[in-house]
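Have a look at these structures, which come just after this line.
Look for chain A in each of the two complexes below; its partner is chain B in the first and chain C in the second.
Moving on to the complex of A and B:
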């Protein structure tokens, strides 16, 4: 099993020779394992896959209906807050605030929605296992949009345009039963959000040039970003958690960000997330999953509750990360430089004593910090083909 | 790690014993021969476990299943049950998922709900419940 890369190793060994060959290339050249690590962060974009748990996934009428709903403040109780009030397209669907503020203040930083369809667990604590359940949550949360199932269903029934779009999507006008109508609204919202994707980035161009053995193409990647990449897959070991094309393993860790949410309040993170996803009526084991095989529910069926989950949060994707400041589950770090400094100066005392032995302070020089920031910035698409580009 | 390596060893033995004892020839067949793709192995004096990942190859952060064959050695009793788990000893943590194991007859099993959520060294732990007590076999997997 650990031999699976032997063929690829031979292939990339050749590439390294290529990269250090005749034409001088700015910045460090990479060892064979580093090249394999870099190639593992692509290709991008990934292929479209519809969501079997949502029967309107990928349906054009539902995508259009979902986009309409996403921008409609009437879905909130007082009619003042839409999804788009917190998830702003130019900021890769975040709001620029440390912690979101809807009808009241919340404890969490707004997550971006680009590439959201590729998550396994939703929210910083993974309290939902599917995109439509996660889309129902803000509609009902008193601090966000403050409605309930009846309010959501009533808004759709009362408006001729929304009613017609609902019928087009789901084959019948909204029924008198609130819950199925509200879940369908969430499924249309999910269908729209599945189309939000980030485009190709300078990093992707470099990665593909490396895969092709194209030195000239690879040389276009700026030297600071290239040195930062070497740190990311090298001594920084960032790719232990920020792995794959999405730069996340989709799981939960504690990197020493405080979980005190306010006087006398803690954010238990994944510990509470596991409890909530299991208890949710809208999880993939529940009655609203449109995948009758329940194959989509494997993760939920097997997820374990561990003591160490307390204070763990989801590893965020790093695509478009330059657009989603401030950072971390509580928005406590303002800039990418602050994030890199956090990893550089990590307080080991703050990491749980019985926790994972993965992180240690990197003690980076100022120049290394600049390089790592330059690399993180190279994970954002140019404005033109960014977040609003459709995956299909 | 490869079932074929074992087959190569076992084959001359079978030839040497000849076809006199069909049962013996059968018992000396490589454990887990029916498993597809690249396999891994855990063994001690009394048991041999051969496993294959589904889907293969393994990838960090992706759920997978294991198809397993458990082969008693030297007259050891067939186990009554098998449990599967995994840990990262260097990081001092286990998996975020609890696998379930279903017996599929004639010493074969299927384990569902595993995930190696980061690259590095993982130890797969196989607990065999046998009439003589529980014994643990371990296989190390290095995940890139």
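Moving on to the complex of A and C:
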């Protein structure tokens, strides 16, 4: 047996050598399938891949242009709100509010932007199929930045620095046509956001130690987090939806969170998102996709709304999750402990008998809740290694 | 798809027998109703008989009966089979719109009893008390699977349905449907969601059980993008009298989906021959529940 499998065998048996190497530390036993599931949450960081739908993806000049735009409040109609007003780097590019408030109140929690480049559908409802269209959306939403295509284009044309950065990115100064200029602005914004990535976490160190059979390295992972991980891939089966290196399947589910947005008003979630992405002029089937092969548009070509999508919302990534409170599409759960309690005491009355069949109340003890929270907290990088880091 | 003549004769004659009382009442009730039900301005739209509505406890406060009925009418529903957890919800809607609501008695006081009712000895007394107090067209929607259908509580439910001549609205797998029919071969069963089974399984069940009807609630595949796939088209054509649509308002929010669901249903039904579309949209529901007449409670 090589070293790797020797290490795995030790973990499966439930013994982890202590950090000093002298004393074994009792830990949860992982079955072989659980070990495979844990290894599937890495490696991290993943390799860079540029976005073929965005011709300036990965281009340094465009990344810098995008960062400049991201922090420029003039892109909003009254000149008061920038993208960065709601997407704050110390909070993993969220705002800490239950629901976002741009020029007016919105119905949804601000999603973080770290690792956003790895998504297939964007937003809580997946109403966009690419990052540049998703970046254009808040510029035009009257509740967020309140502009329009003409306003966005005019801001770039009117400022010498922005005009020069535009020329540097796209090879020509901004034209007189508003729509292509505004879409290019969105593509520069996307190029910048593609660089936002979470750093390595205590979990990643554990996972990689496990992969290489490094018992001492694995033993540095705190016991509560290890027990929480055992719940995550075991009794809780959380990894059925929160899977892979990003801890998300990238899809949409109904987890029993009420979705009234106000009296007599519902947030239809993914059901409306499917309608919008199919209708969008800025989807990957549309004229602004720089991927002439349209291979990037396959999912959009086939996506169709189902009844079950009504009230479904994104399965968010769990990376950096400790920094993105409050939680859920409407920010209705204040802390990670509240989130774990939600799954522990799941209100089955909210779930269809043939809907989310995996969901059953976990009935966790207080100690188990503590452990699961400890595990979730271990998915955040240290502040110095956090999502302000660039991925390239 | 053509079907063997022998099968057609057997199915049609059995169904005619099953619906004989219904047909007599249909002539009295349904025709005048079409003129007097106060269908909305969009009456030119295909009317819908929605076979799967719940008005459960968590909907009552934020959607009072008047508002709930307004949604049903806005959707252009001709009638709606309503069952609720608990039954007071159904009674409130019946009082508000007796012309519109076809009441069904659900064996749940709260929706969470979905998973416990079949082993809850208090359920039989609850059903008996309700049946003594109010009039119903059906019992259900209830959830029972496999051998659980033969437990004492479901058996009592089937017996009560037989005694009161009520349709059984069963959210079940095919095995449980077989068991329910063994308990009462003369039962009329509305199979919720068509069991979420594949068309070939549904076909076998419909062939075998002439007193089985299917609702299509919470299923999307038969009408995605307004087109009926070949396998469903064949099934609808082979059994034109056995299917009906339904929304399934299993949470309060889903009441705000009823109108869109009706539009969605009309879109895919338009892909079928008009006569067949009408049957699935409302005629089959009207026929199955024609024995129900609005009127004062017991």
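The definition used in the following text is that the second predicted complex is superposed on the first by the 365 of 392 C-alpha atoms of A that agree within 3 Å, B and C clash if a C-alpha of one lies under 4 Å from a C-alpha of the other, contacts with A are read in each partner's own complex, and residues count from 1 in each chain.
The rule we apply is simple: a contact is a pair of C-beta atoms (placed from the backbone, for glycine too) under 8 Å apart; a residue touches a chain by one contact, two chains touch by 3 or more.
None of these values were measured; they are calculated from a predicted model.
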First, second, both or neither for A:249, with chain B first and chain C second: first
Touching partner for A:211 - first (chain B), second (chain C), both, neither: neither
Touched partner set for A:306, first chain B, second chain C, both or neither: both
Which of chain B and chain C A:103 touches, first, second, both or neither: neither
Common interface residues of chain A - those touching chain B in one complex and chain C in the other: 304, 306, 308
List of chain B residues in touch with chain A within their complex: 1-2, 38-40, 53, 56-61, 63, 90-100, 112-113, 115, 117-120, 141-144
Complex contact set, residues of chain C against chain A: 56, 58, 62-63, 67, 110-112, 114-115, 143, 171, 193, 196, 218-220, 224-225, 248, 250-254, 256-257, 261
Chain A - residues contacting chain C, complex: 258-260, 263-266, 268, 271, 304-308, 310-311, 348-350, 352-354
Interfacial residue positions of chain A with respect to chain B in the complex: 1-5, 33, 36-37, 40, 239-241, 243-244, 248-252, 298-299, 301-304, 306, 308, 355-358
